[in-house]
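Okay, so chain A shows up in both of these, paired with chain B first and chain C after.
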Partner chain A sequence: MLEIKNLHAGIEGNEILKGIDLKVNAGEVHAIMGPNGSGKSTLAQVLAGKEEYEVTQGEVTYKGKNLLDLAPEDRAREGVFLAFQYPVEIPGVSNTNLLKTALNEIRKYRGEEELDTMEFLSLIKEKMKLVELDQKFMSRAVNEGFSGGEKKRNEIFQMAVIQPKLAILDETDSGLDIDALKIVANGVSKLRSKDNATILVTHYQRLLNYIVPDFVHVLYQGKIVKSGGKELALALEEKGYDWIKNENMKEAVTQ
Partner chain B sequence: MSSTEVSKIEELANKEYKYGFVSEIEADSLPNGLNEDIIRQLSAIKKEPEFMLEWRLKAYKHWLTMKEPHWANVKYPPVNYQAISYYSAPKKKPTLKSLDEVDPELLEVYEKLGISLDEQKRLTGVAVDAVFDSVSVATTFKDKLNELGIIFCSFSEAVQNHPELVKKYLGSVVPYTDNYYATLNSAVFSDGSFAYIPKGVRCPMELSTYFRINAANTGQFERTLIVAEEGSYVSYLEGCTAPMRDENQLHAAVVELVALDDAQIKYSTVQNWYPGDKNGKGGIYNFVTKRGACRGVNSKISWTQVETGSAITWKYPSCILQGDNSIGEFYSVAMTNNLQQADTGTKMIHLGKNTKSTIISKGISAGKSQNSYRGLVKIAKKAENARNFSQCDSLLLGDKCGAHTFPYLEINNPGAKVEHEATTSKIGEDQIFYLNQRGISTEDAIGLIVNGYCKEVLAELPMEFAVEATKLLSVSLEGSVG
Partner chain C sequence: MEKSINVKDWYLSNFGEFEKRLNGGKENSIHKKRKDAISSFSKLDFPSLKDEEWKYTSIAPLMKYNFIPSYEKKTVSKELVKSLLFDEMEHSLVVFINGRYSEEHSDLLNLPDGVIVGSIAEEIKKNNKTLLNHFGKYADHQNHIFTALSTAYTDDGAFVFVPEGKIVEEPIHIIFITDSGDEKILSQPRNLFVAEKKSQATIIEHYVGDENEIYFTNAVTEIVAEENAVLDHIKLQEESKKAFHIARMEVDQERNSNFSSHLISTGGDLTRNDFNARFNDEGGECTLNGLYMIDGTQLFDAHTLMDHAKPHCNSHEHYKGILDDKSRGVFNGKVIVRQDAQKTNAFQQNNNILLSNEALVNTKPQLEIFADDVKCSHGATIGQMDDDAKFYLKSRGIGEEASKGILLHAFASDVIISVKIESVRNYIEKIITEKFN
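Let's look at the complex of A and B:
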């Protein structure tokens, strides 16, 4: 579904991603872990098409298309979804309005018929249960005055409604208490299927207790330095990121 | 109201229809220029009673002593008042055979606003077939109003058929000495609308210039007078969200509202006259005086405006809160793009006890435009326990435009409570990216954000108007995203 080859990208002349290679197939869940500043969020933003980041080298193929050629909205319409680390507030625009516009734009792009209000409302009612959100939530302005946990749950709720092919969750677990974490993780797990793929960007292992990944990759200084199964996350938890740092140092020295 | 009165009004209404405004538009145009003679001729063409002519002449004489004001935050070349024809029979627009003959750019805008095909034809002057019979719509509308004793007609008709009402209220809110443009309007106004809601009547439908036959060509000096008698209610819609092409550059209208005891007037405007092209060429100068008097106790006047048109807007819909417990409201969205300039706001003059006013102003500047809010809140010495809340927000798109706020407060009663809040914000790249990431294009994203920002004001508009205004805001912003 997604193939990243030798991706280099940066912002304002600073190179942050220094040659990423990653292949994600339908049905898989990949976790990308790494210490602060390793480039995890940059990777998420570059895949979503944030303009400030400049891709200097490499290629990204998504469903056979050059992803980097697509405008951010077209990537979304093609099924790429980013759950933001810091969801923005949009005063005066209700959650309902945002989601209805988004969903219908995506449907239009795919040549599907737009949902009418009744169909839309019954869809969101069903999806709201998934993340245990209250109906009141829908008439509130997007993320305005939401707690950290509500913002994150809202991201997963939007994902549930939009039903992406490739979901990238950027630090969705940060700032969540254990109950909220369970709700979010549960929601994500329920949305897993053999047709879609998920990339979990996270600093901590604890999310992976609830969403069990097929692969774990460790990102350090803009490169994936280690890949493995779910046990890699546990090893990281135990030994800390210093383990990776030290290993890399050794490697650099021997080279 | 007695049945004889009702039938009398019906009779008058029928008479108007036969001999009124329709036949008058056959008159010739007056030559360019402004002098006493022109005003006499204008009044004669309109077969006005003596008091009307006298009033016009007084205004003209006063106008000669006045200087054009230049305090507003707008710039434009001088207007030559002698180069204007102050009366021209409404030009008969050439009737086109089909929409194929209409400027495709205009049709595209209509399409985006969701204006029906028949309506598009009406607006562009294409011969309309029997499906959309605006005359019959208007007639049914009139019958219904007649039954309730509501008078709703052109200003010219009112002068002919209800001179006592015109004499009593004309200039009672905006005197002919008021300001340069209002005085000019008083001398030369060509036509406009008149509405009178009798005691205790709640007008069952939105009164709209749209439904008034012959209303389309009221000219550049329009005069509107609305009187709401004790305990009555009326909601009045001015304008039309479809873009209007207009040959006149200077528009100096006057609107006067009078609300007596327990009466309520809601006045909504959508203004989208030609703003000029991207380089600031052409476009309307819209210099309007709008004022409402809450003359009675417990009366209420609300102004709601969505302003997206005109090259220059100079407009301050105001309320004089004379009656005790009276309420004034002003809800405004002013959007400027390209080289447009807007200096708009309100005046709330608190005279009575326990008077309340609310001001919600939302300015949106894009392109290289300049957008100013100018507002006065005045609390008179005797206005015990007066309250005002003002909120003035500015939203900037891009970095070449300007937003300015000029709030004036004159508080002469220590018991007054006046609050003013102001914010300036930019549409964040982050907000746009967030919406892009949900599959929404940048243009639609900006439309969503802007409409969200204007929500409090749009919520005050009658439903159908609000839907169109929402689309209009998006259309007006087109091309403003670099």
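Let's look at the complex of A and C:
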């Protein structure tokens, strides 16, 4: 579904990603872990198409297309979804307005009929249960005045409504208490299917107790330095990121 | 016509002709005010950039023309009037064409006893006491050359009188249409709205003109809200983009009165609004909201004055602007809290979004506080579109143009949510949508 080859990217001339290789197939869940500043969020933002980042080398193929050639909105319409680490507050735009417009723009792109109000409302109702959000929340402005937990749940809720093919969750677990974390994890797990793929970008192993990944990758200094199964996450939790750092230093020395 | 003589001399020399055409209107006290005003006019000078109050607004483009005071009765098509109405709203309709009352297009509902809605010219003829009592009392002509010009040439305009205890439930929609043709007309609606004790009304001043016509609207509106009166005022300025629109609104608020003003401005090559409201007694509430959306080389200028002369009054002021191309905006909001005015709450905000590198805003919030037990705040922002918000919308599949439209719509809608009547709000929403979506 997604193939990243030797991806180099940066912002304002500073290279942050220094050659990423990653292959994600349908039905898989990949966790990307790493210490702060390793480039995890940059990778997520580059995949979503944030304009500030400049790709200097490499390629990204998504469903056989060159992802980097697509505008952010077209990536979304093709099924890429980014759950933001810091969801943006948009005063004056209601959640209903955002989701209805988004859904219909996506449907239009795919040559499908627009949803009528009844269809939209029943879809919303069904998905709200998944993340335990109240109906009243729909008329509130997007993320405005939301608590950290509400913002993250809103991301998962939007994902549930939009039903992407490839979901990238950027530190969706950060700052969540255990109850909110369970709600978020439960939402993600329910959306998991053999046709979808998920990339979990996370700093902590905690989320992975609830969403068991097929693969774990460790990102360090802009490169994936280690890949493995779910055990890798446990090893990281035990030994900490210093383990990776030391190992890399050793490598650097022996070279 | 293009200027052939000095603008001031032009209006002075036309006054004789104007007087001649006043059919029997020369006997009452209003005519004395006209004459006083023309004498003020002759003594005053048109403002230049050296005047503090006109520092950022050059009226040079206006001074290029000798506008012709409109004398002839004109009419417009029913379709045009219909296109300016609000959907699904019962209302009294009052139409002025080139500053003159049009009986043909006006349509008044059954109004409560004693309520007068109509033409000021008619009431002048009838020597209406309320009119004579209030006319020119709030908008002085001694220090204000455009008001002097308006008062000198007082002819017609809208008059609304709501007597004590009467409630006019349906909004009064007053449309000022200018159909100038090639003539370059001067249209000077002179309005007076008086809401007596415990009365209530909603009045909409709606200015429109043909897209490409050059004309000059010089409007003066005086508003009185007596004790416990509730008056909601909405002004929609959709003049021709080549027109000049100079307007002054003076509001006089008595004890426990509640006044709100919403100004939506999209038209005009050069627009200047002087909105001044005064609390003359305790317990007053005043809202001054505004939204200007301009492009091309348009200039919009709002000068507001909120005068807290008495204690226990609340004022809220929020002006927002969206400026594109080479347009220019000026906001000057002054709040005075006088020594007597303890327990005042006064809040003022001005926010602007610039959509191009060449658009410009000069904003100057001013607070002058002489009392010590008050809550006041003011602030101004000038910024660009929030790129993070735009990216967020795009990442949900919403296209570039639609994202921009949603964000601008949200920014603009903010100051109109307090418009109480849904159909009016919808009409304004439509103006915003047409502009940005």
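As a working rule, the second predicted complex is superposed on the first by the 255 of 255 C-alpha atoms of A that agree within 3 Å, B and C clash if a C-alpha of one lies under 4 Å from a C-alpha of the other, contacts with A are read in each partner's own complex, and residues count from 1 in each chain.
Just so we're on the same page, a residue touches a chain if its C-beta (ideal position, glycine included) is under 8 Å from a C-beta of that chain, and two chains touch if they have at least 3 such contacts.
Bear in mind the structure is a predicted one, so any value in this text is a computation, not a measurement.
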(message) I'd like to know which partner A:73 touches here: chain B for first, chain C for second, both or neither.
(response) both
(message) Under the stated touch criterion, which partner chain does A:91 make contact with: chain B (first), chain C (second), both, or neither?
(response) both
(request) Could you say whether A:15 touches chain B, chain C, both of them, or neither, answering first, second, both or neither? (result) neither
(message) After the superposition on A, what does A:247 contact: first (chain B), second (chain C), both or neither?
(response) neither
(message) According to the stated criteria, A:102 is in contact with first (chain B), second (chain C), both, or neither; which is it?
(response) both
(request) Identify the overlap between the chain B-contacting and the chain C-contacting residues of chain A. (result) 48-51, 71-73, 75-77, 81-82, 84, 87-88, 90-93, 97-99, 101-103, 105-106, 109, 141, 158, 162
(request) Mind listing the chain B positions that touch chain A in their complex? (result) 428-431, 433-442, 444, 448-449, 451-456
(message) Could you list, by residue number, the parts of chain A that touch chain B in their complex?
(response) 48-52, 71-73, 75-77, 81-82, 84, 87-88, 90-93, 97-99, 101-103, 105-106, 109, 141, 158, 162
(request) Report the residues of chain C in contact with chain A in the complex, numbered from low to high. (result) 386-389, 391-400, 402-403, 406-407, 409-411, 413-414
(request) Going by the contact rule at the top, pick out the chain A residues touching chain C in the complex. (result) 48-51, 71-73, 75-77, 81-82, 84, 87-93, 97-99, 101-103, 105-106, 109, 141-142, 158, 162
